[in-house]
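This is the structure I have questions about; it appears just below.
Here the chain labels run A, B and C in written order, and each chain numbers its own residues starting at 1.
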Amino acid sequence: MSEPLVLNEYRYFDSDPSIRKIAYELYGDVKDLPIVSPHGHVDPTLFAHNKPFPDPTELILIPDHYVFRMLYSQGIPMESIGVPVVDGTKVETDHRKIWQIFAENFYLFNGTPSGAWLNHEFSIVFGIKEKLNGQNAQQIYDQIQQQLETPAFRPRALFEKFNIEVLTTTDGTEDSLQHHQTIRGSGWKGRVIPCFRPDAVVNMMHASWNQKVAELGEASGTEIDSFRTYIRALEGRREFFKQMGAVSTDQAALTPYTHELSANEAEEIFQRALKHKASAQDAMLFTAHMFMEMARMSIEDGLVMQIHPGSFRNHNQHVYQKFGADKGCDIPVQTEYTNNLYELLNKYGNDRRLKLIVFTLDETSYARELAPLAGHYPAMKLGPAWWFNDSIEGMMRYRLQVTETAGIYNTVGFNDDTRAFPSIPARHDVSRRIDSNFLAYLVARHVIDLGEARRMSKALAYDLVKDAYNL
Amino acid sequence: MSEPLVLNEYRYFDSDPSIRKIAYELYGDVKDLPIVSPHGHVDPTLFAHNKPFPDPTELILIPDHYVFRMLYSQGIPMESIGVPVVDGTKVETDHRKIWQIFAENFYLFNGTPSGAWLNHEFSIVFGIKEKLNGQNAQQIYDQIQQQLETPAFRPRALFEKFNIEVLTTTDGTEDSLQHHQTIRGSGWKGRVIPCFRPDAVVNMMHASWNQKVAELGEASGTEIDSFRTYIRALEGRREFFKQMGAVSTDQAALTPYTHELSANEAEEIFQRALKHKASAQDAMLFTAHMFMEMARMSIEDGLVMQIHPGSFRNHNQHVYQKFGADKGCDIPVQTEYTNNLYELLNKYGNDRRLKLIVFTLDETSYARELAPLAGHYPAMKLGPAWWFNDSIEGMMRYRLQVTETAGIYNTVGFNDDTRAFPSIPARHDVSRRIDSNFLAYLVARHVIDLGEARRMSKALAYDLVKDAYNL
Amino acid sequence: MSEPLVLNEYRYFDSDPSIRKIAYELYGDVKDLPIVSPHGHVDPTLFAHNKPFPDPTELILIPDHYVFRMLYSQGIPMESIGVPVVDGTKVETDHRKIWQIFAENFYLFNGTPSGAWLNHEFSIVFGIKEKLNGQNAQQIYDQIQQQLETPAFRPRALFEKFNIEVLTTTDGTEDSLQHHQTIRGSGWKGRVIPCFRPDAVVNMMHASWNQKVAELGEASGTEIDSFRTYIRALEGRREFFKQMGAVSTDQAALTPYTHELSANEAEEIFQRALKHKASAQDAMLFTAHMFMEMARMSIEDGLVMQIHPGSFRNHNQHVYQKFGADKGCDIPVQTEYTNNLYELLNKYGNDRRLKLIVFTLDETSYARELAPLAGHYPAMKLGPAWWFNDSIEGMMRYRLQVTETAGIYNTVGFNDDTRAFPSIPARHDVSRRIDSNFLAYLVARHVIDLGEARRMSKALAYDLVKDAYNL
């Protein structure tokens, strides 16, 4: 049973002809604009080494927890699809066998964004003409494999083919950024820049906090024996990241609670943590305080500040202990912003030097809290629909719930936030389609006119992200 | 003023012609599939005795709190519409008079699912040709009454006419299931099966807990004087329910908090409860522990486990004390799943022998918590839109918010959850229409193609429910 | 660059032709019905003095925090657009210069309800033919200014032109209502009535509570030295408001928590507050108790009771201290109703003499809590989409989430809730368009028929509000 894989040119647009026609026209204006990817998790080694991708399974399935979590949810063991085990126990290594399982279960992705992205990738990046299924699995594996061996499918060539203007990675504070150095020194013109992510040295509850703080000290040439030296080390590393091209920082936490500690309080908590004696309460307060510190530093050094709260990381301890982090078991929790951001916004939210971009996994906060906050405070902007909400319906809900209160000019364009490099064009394409569709919906209802929609469309696809991230 | 009652064949489908056409086609494939009703509250006595339904008011209005709560909200006293009073005080007994009140206020149901179901019932089950109103009330009463007196309108005949493949009732742990026995012994082929519902012996805050535990002991032939004997009694009754055809259990609680107590803790709480000394905290912990115990038992005996949390029961104490439970004043509360289900999912969620079906009255949890959980844990599936959300818009919101993250294959088809037997075909018909419309919407936007939609449509209407409930 | 300002006659209706046609027809029935505005913040002085509005900036921009908060969010200082500073420091006084800034940034309102209202006001009230922008700013200023100087644009003339049947203001308990007296004594027939708002004498945490209580005492001719005299003073003032035409009260609070204190508890808290010693806990309990007292009084005197909870007032302390209250930095918080309204509804919710209209800024409560409560308790009705949700999408979401459970007859029509007098026709027009569109959507899907829609349309635009507010 073979079914053609055809990407309809009107896909994801409203089926109402008047909306569809306008959406298609608006999309036509922006579809070929360069891709600006200001937040993501692609490994910079790809572009430093520029080695061929090994095979389809290694490229598409094994690193992408969006994909293998769905297989796991249907009872397929992760070992059987090659997800590596922390203790090094052998898992399935026959990548053709894994691909077969993936293909036989590919119908599970019907109606999901992963399905949309994968089909885009298959069709547009690899020129596959049939829908993946159990019958054609090996043949499609071959087709992809052959292309991966050609120069045109090496990372840098794809980067250029994808028309990426800038790609931001995510990097720990202690990172030497050697791969970024290699890229910059290579003569290749692709712009790949780091983002400063201090989570590992902020979250005291993490088992490796002390080690990470030691690594931060080493990287910054400072002995970190006090909160003051710790802050100085962070400031130094931010400066280094800036020199390496960084324009932003990013922080994740269970909640976006912000609170300023006194110098003494911060120091006492920090000393307890150095002695492995920090409590959960200490850790929570320290995280809250570090949001304040990072905002202060951003005002001083001009790095854009991002906050990604609301994920209960590694909810499935069995999976976490066996397979490690980022294995599809980070689950959102309800997230409160109005009270939690109060201190930060009251201290820094009126300061136009700060750019604070706030994300959420809790859609209930869009219209109720985030749009009113972003629609008032000069420093605050709203990040795009994130993670589970980075989807056709999720992005439409985002625009419908945010725009009326915050307008589009307090939002910041699209983030793909992906570690799946070859899915980047697909993700930006979906985003541009949905934003075009949203604007077309407004035009067709005579909320805005076509001229306004054209200017807004360009802003959503390109201008806002460049402006928000100082790119 | 008489208005024709005509059910448009395209009802509830999107008015956009391209969606409507596809929806109608998909619906055509599934509309005549047998009805599988795996969760509900129809009284098994109906099929054991197979007596005629007494009259329209007794059939349609008095037992259905979905209906009389709306009349009550507009100031119509419950006594005046025949809702029985606990202490036996006389209420209105003139069923024609009650029917007249109902008819005069029937416009209140415009735009509600009760309105849609009732009109389906009137038109398709009873062949009524006019919309019910004050003028034609008595005439329509007569029309229904005459039919109820014929053999074709007896419960078993309707069961067959409705094309019900299996109907699940809800039964207390102490229930002798004698009506189920009668049905099985009668030679009638209709499949009516029980569901094991232990709420009355779990919730220690309920006034009749001790009595219900005693009844459980009696039913199981065990003297329950310890947590251990209590558990053994439950295990025995589950076994008996299984022998009587049960495939599932069900538990309701204010929150889905799960927590395992030590054997000692459980025993101490149980002993306090036996002495009428359990605190609210005890009751909460006991409920949390019993979710863990029930999951363990399900792994052992294979019964599917259902959880229905988030209803503040009997919110209106005046109504509860006067009229009893299930009188339209159970009100949803916000419900948290990510933290509450943590212990249960961590202990049993990776075990493929468990099937845990989780419901919600809090739509905000669909995209944020439930779809990510069901889209990861092999044991967990998501129940359909429940109660107030079992409606045209509610079901559409469910699919739009769940599918992108969980797909359709981590959901379990439709539950009618009704005590209104003659409304069952109407409820399944609305569900099949909305699912068809949802899939047509995806096809019209080129998210899936028509072949995929056909397979998914069949799954949503029939395959998933049979598989999820082992039917 | 000049673009025509044309309000399409089908604006805000669904673009699907079948819905649009029905919506237009339904809207045609109700568009010219008189405006009933039962809740708002227009200054009664306007109608007492009937002076010309000074200029466009003073009329449209400076008093409207919906408008200037958006400019502020984009980094435009409030001083530069003439928002007065509390301490009297000079702010920008050149109203043409302010208007220029407003015009240059008018694109920020694309896709927002403020944009829709302003364009309606420009086009229909002032006959402006071009979209406001930097180029035509001064010319449009002139056009508006010239009209404001004519008799036809004085407040009373506009009130009549707008076809306002009744306009409710919001007034403190101590208010002499002298402007209302002046209006009533003037011979002018416009019906402008007060609403009794006790917030300033309820919220003990407010710095001016003691002063406001003293003013209440003075206004009522009572020395308030006890909770009992305080209550008596309130009762007296309610009676005075009633004599002055009031039909309703209104209370705001962070949460809708209701709780009855014993007479002693209430007295003790009140005495502490008189001595400036009330704690935050005292204030919270007092507010909860005052909801109970106000409900009791409403049953006695027949005033409709309104509750507006869930706004974190003056979230931006910098703005609050510099510019005062109502400056666009009141931010919604999540709001719980099922538990919080429990005591009030249990004591008074079954009493048909009470009309309790509940509002929310938290849309998640519509389907989950408010519609089930309003769909059961005879005393409770649901207020319309409020504030940030009083928008095209917000109103549509409201109807879609509320109607299936509460029907339309447990809702109360539209509130404009505005202090921007000339925007009143625009706001009611948007509301009538969206309600028409919602009903047309139901008709086009064959959920209701056109005859039902016509009756419901009239109810939503006119009948329900008159009935709910006893007008």
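As a working rule, a contact is a pair of C-beta atoms (placed from the backbone, for glycine too) under 8 Å apart; a residue touches a chain by one contact, two chains touch by 3 or more.
These numbers were taken from a predicted model, which means no experiment stands behind them.
Colleague: Going by the touch criterion stated earlier, list every chain that contacts chain A and also contacts chain B.
Modeller: Touching chain A as well as chain B, we find C.
Colleague: If you list every residue number at the chain A and chain C contact, are more than half found on both copies (same) or fewer than half (different)?
Modeller: different
Colleague: Suppose each chain is reduced to the average of its Cα coordinates; what separation in Å results between chain A and chain C?
Modeller: For chain A versus chain C, the centre distance works out to 40 Å.
Colleague: Which chain C residues reach two or more other chains?
Modeller: 16, 364
Colleague: Sort out for me which residues of chain B touch chain C in the complex.
Modeller: It comes out as residues 3, 7-8, 10-16, 69-70, 72-75, 107-113, 116, 312, 315-319, 328-329, 331-334, 361-364, 388-389, 391-394.
Colleague: Along chain B, where are the residues that touch chain A in the complex?
Modeller: 16, 18-19, 336, 338-339, 342, 345-346, 349-350, 352, 364, 367-369, 371-378, 400-401, 403-410, 441-442, 444-449, 451-452, 455-456
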